[in-house]
Amino acid sequence: MNQHYPSKSRQTLSKRTPMRLSKQQNYQVAAIETMCHNAGQILISLLSYKALSTTDLQENFLMNQTFNVAKLAKIYANKSAHDILKLAFHQFGDGLWVSFSGAEDVVLIDIAWKLNKNVKVFSLDTGRLYPETYQFIEQVREFYKIDIELISPDHVKLEPFIKEKGLFSFYKDRHDECCGIRKIEPLRRKLSGVSAWVTGQRSDQSPSTRSKVAALEVDANFSTPKRTLYKFNPLIQMASEEAWNYIRMLELPYNSLHKRGFISIGCEPCTRPVLPNQHEREGRWWWEEDTHKECGLHTRNIISKE
Amino acid sequence: MNQHYPSKSRQTLSKRTPMRLSKQQNYQVAAIETMCHNAGQILISLLSYKALSTTDLQENFLMNQTFNVAKLAKIYANKSAHDILKLAFHQFGDGLWVSFSGAEDVVLIDIAWKLNKNVKVFSLDTGRLYPETYQFIEQVREFYKIDIELISPDHVKLEPFIKEKGLFSFYKDRHDECCGIRKIEPLRRKLSGVSAWVTGQRSDQSPSTRSKVAALEVDANFSTPKRTLYKFNPLIQMASEEAWNYIRMLELPYNSLHKRGFISIGCEPCTRPVLPNQHEREGRWWWEEDTHKECGLHTRNIISKE
Amino acid sequence: MNQHYPSKSRQTLSKRTPMRLSKQQNYQVAAIETMCHNAGQILISLLSYKALSTTDLQENFLMNQTFNVAKLAKIYANKSAHDILKLAFHQFGDGLWVSFSGAEDVVLIDIAWKLNKNVKVFSLDTGRLYPETYQFIEQVREFYKIDIELISPDHVKLEPFIKEKGLFSFYKDRHDECCGIRKIEPLRRKLSGVSAWVTGQRSDQSPSTRSKVAALEVDANFSTPKRTLYKFNPLIQMASEEAWNYIRMLELPYNSLHKRGFISIGCEPCTRPVLPNQHEREGRWWWEEDTHKECGLHTRNIISKE
Amino acid sequence: MNQHYPSKSRQTLSKRTPMRLSKQQNYQVAAIETMCHNAGQILISLLSYKALSTTDLQENFLMNQTFNVAKLAKIYANKSAHDILKLAFHQFGDGLWVSFSGAEDVVLIDIAWKLNKNVKVFSLDTGRLYPETYQFIEQVREFYKIDIELISPDHVKLEPFIKEKGLFSFYKDRHDECCGIRKIEPLRRKLSGVSAWVTGQRSDQSPSTRSKVAALEVDANFSTPKRTLYKFNPLIQMASEEAWNYIRMLELPYNSLHKRGFISIGCEPCTRPVLPNQHEREGRWWWEEDTHKECGLHTRNIISKE
């Protein structure tokens, strides 16, 4: 199975990617070796991509069992993103959808695409994303030659909300109502036809809400009485530094906002750059005092902690 | 009838409006006198706002006649924006809707609001507007204490379009398809329940397509066999310079993009700043060679020329 | 004499110049024809560049006379920039220096360079220019393969001024003192070794101070009892619109600030973008109320008016 | 001795400082407690500012001894910035000058100013700093009500360099020549009249060149045969994270570039923002491959390693 990036988009990339990255490859490999000595095992497994055809007796054994989430979560707790995604594809095949936020979770797409060139990806287009994010989503689409479904809010719900409260009500009465209309409801619509989805959440993004998230789980927010939805979190053990080493070493495209002080990236009015050494979560919904910052996609993270 | 801006929003404005404008008022009045000597009559009528209660026998006579568009268009061809809007309110009352693009057509809202504090306003939220435009729409909403309806695209039409063609197909095969889904279809939906609407189009915005537009007309694009839709264009005779003199002299809020070289303002990927002395229309859909740049809201402008 | 731009820098340009200009050349020629019908004669003469070798009996006759500034100023009052520069080179040869502000006066360099590939150019580097201006000066240097002398302030005068008053004293007590140290004194130093200089001032830049400036004059500011300094103002009759048509039609490099709403460009803290239809001079020293905005390079413009 | 910030500038600050910092103080103290558990001792000593009047028998004993740099360097190797600066002021009084780069070394000024309200500060104004840096230097000047000397290059050396090589020669033949003229020569001029100076260098800024720098040393670069110059490096043991915790907790002013992805800040053409998790030194002179990035102020750092 061909694991190289499509040749045409590769050309596109080399035009777009800052030259410095390619020139400094040797230097960066050295830098990564120094920086990641603690995280070495994870990184090594990330970099040793094996396509789906690779047989692994133990894993196959697990996969062929009944899909026991609790048991698998335990087994996969310390496995690599690659292994978790492999399990997900094996189990759900074409029923698996990868969500993409337009930030450093491009790492997720890269690993998934190397496992399955026909990987299905969707993003939530809230209608308030940064122009740079739309550009980046398109860049990823062209780079991997994949479709990316953009899920939009329902105008029937959006229009009366804006008419009544205006375009920035979240600054006054929290972001929940706006996220509900622009993200959660469209996501629910999308997931209603999906067997399993993959998120890019990492535990270091939000220590207070994401530290105990499992590698795979039953999605308690979006499952229905009639249908169980499974959720995979392959990056949950990956540190921000690892994700960025991955992006830079493999010269993946990235959102240009990351060159302007942004770490976490969401809607334009609800995202801002952070200062050096400031935690990325302080760049989101900063007018809200609490420390449980989730837009509702992963609400259960909050509930299950309480 | 109270013609003053709401006191609270006036405070808001004075915080937001650059101080230089208020400091230079005397200077600017002088500058305007010098610059506008040719346009004086129009400006004078614009500034002598009279509320609807003002009786004007001749006008009342005209308005009480059957609504003869062709005849009125001739009579109002050289009348002021104020007079044209007055006619529109008189004829259609609460059935009249003012469209607002988030640019210097704030002039239209200002004149309309002074005639009718309950003026109804809508904007087309394509989902790709500049962040600055969303901020400006909110600022206008707060400044005049009016509702502004934001009309959004139908996700059922938008999603398959983006999935198939990506987020920037207009750069390859023209803007018509995207404008069709993000602007025309939502506008048609909105106008289906409307008797008459008001646009901010001016003939100097696009000499090739807007030079012969009338002050009022039957809307040939959005009328249906069952229902005639009327369209008013009160600014059609107003030059860009006059609109800006109006904004600066009355210290109206304006889109902050205008401080960064933007004149005409539309969707983010389809709008760019222009160079000094470059025509504002060169900042829109610049990759398309032709000179008939309309998004479809005013298509008949093109057709009627051909 | 070769009138083409150096081939190498031409390549550089084509990389740097926005593609739209080159693609739209036909369109723009048409646009210019429409826009400039009144200014046609001047434009035609600008575009019909003849090198110095061209003989023109009448002009040669004039030039060979004693250099009678008053008489020549009258004769050249309505001549083109090309003709005025030709006179200047003829009369002063290598003693002539062209000043360059890093804005649209690149037109001056273009015309001068076509007359004399060894044209001498200097700019005043106040130490507070925009990064974009430094980039543009370098771009011009490479485009024409010419030296550009950058004249810097004397640290012996600058340091005690900043120590005492800080870096932004001009906002409190006017720009004269800062301009005196950063522009006037270095200019005086430069001009002390010069016979004649060329400025890019245009009368429409500042109607109150530049409307009566002659095409050539004795420089009353910088001449000394022992030495008469001559000053040429070849663009004095050129409108802003003409300068920009020239830049766009010939695809000259331009300061990228012009794509962000800047017209007149000076020091960073003393220059800001202007709104649509706002006069370019309102983008300079805007906190000072008076209408005689000159940095001192052309002080006599003010004095001679009073 | 009054240790509070001047009341007027305090007001200025509260207008300028983003509100979020002051609102989140409680949260941040908690965050710092969590993050800094390893660095606690240093932080505690930083925060327990004692004015010079505080007597400390052991220290006084040391200070009154002959000024034995090697011995003191050993004793102060693990002391706080506050203690090192206290030693410096005690030993050199008014002969001590603090250098300020316009970045997070505002921490140095804050500690020094609390020890001595008449602290002498200088910055190197290369003439190519970011506009934001000039603004920040002024803000610091007003915040602490201190003079800040800006040292400028000598135009006699600068002008021929620029005339010959243009404004960006460092991209072709390294930054040394430009730094030599714009930073080193002016610094040498300044230091020639100085007994001892204080730098803000930290070992984590540049592991390859700054890891073995002492808390105080004889300045091997700028001492002369006739005169020994001493150099103090009070922040050498302070991590970037500590410096930023200090700035945010005490709500010090900071360079607004830090909100746009910049960590290390130098001249405009030689500084760029870095990506998340990228080392700050990769934002400086990035076109040069080597890992010994110093502008020459601290050259001995490099030499002494070799």
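A, B, C and D label the chains in the order they appear, each numbered from 1.
Quick note on the criterion: a residue touches a chain if its C-beta (ideal position, glycine included) is under 8 Å from a C-beta of that chain, and two chains touch if they have at least 3 such contacts.
Listed by chain with UniProt protein names: A, B, C, D = Adenosine 5'-phosphosulfate reductase.
Given the structure is predicted, the values throughout are model-derived calculations rather than measurements.
Shared contact partners of chain A and chain D are absent. Within the contact network of the assembly, the step distance from chain B to chain C comes to 1. The greatest centre-to-centre gap from chain D, using C-alpha centroids, is found for B.
Taking the mean of the C-alpha atoms as each chain's centre, chain B and chain D sit 54 Å apart. Centres computed as Cα averages put chain C at a distance of 41 Å from chain D.
Within chain C, not a single residue touches two or more of the remaining chains.
The touching residues of chain D, counted against chain C in their complex, run 125, 127-128, 130-131, 134-135, 137-138, 141-142, 147-155, 158-159, 162-163, 166-168, 186, 268-269.
Within the complex formed with chain A, the residues of chain D that make contact are 20, 23-24, 27, 31, 104, 240-241, 244-245, 248, 254, 258-263, 273, 275-280, 286-287, 289, 291.
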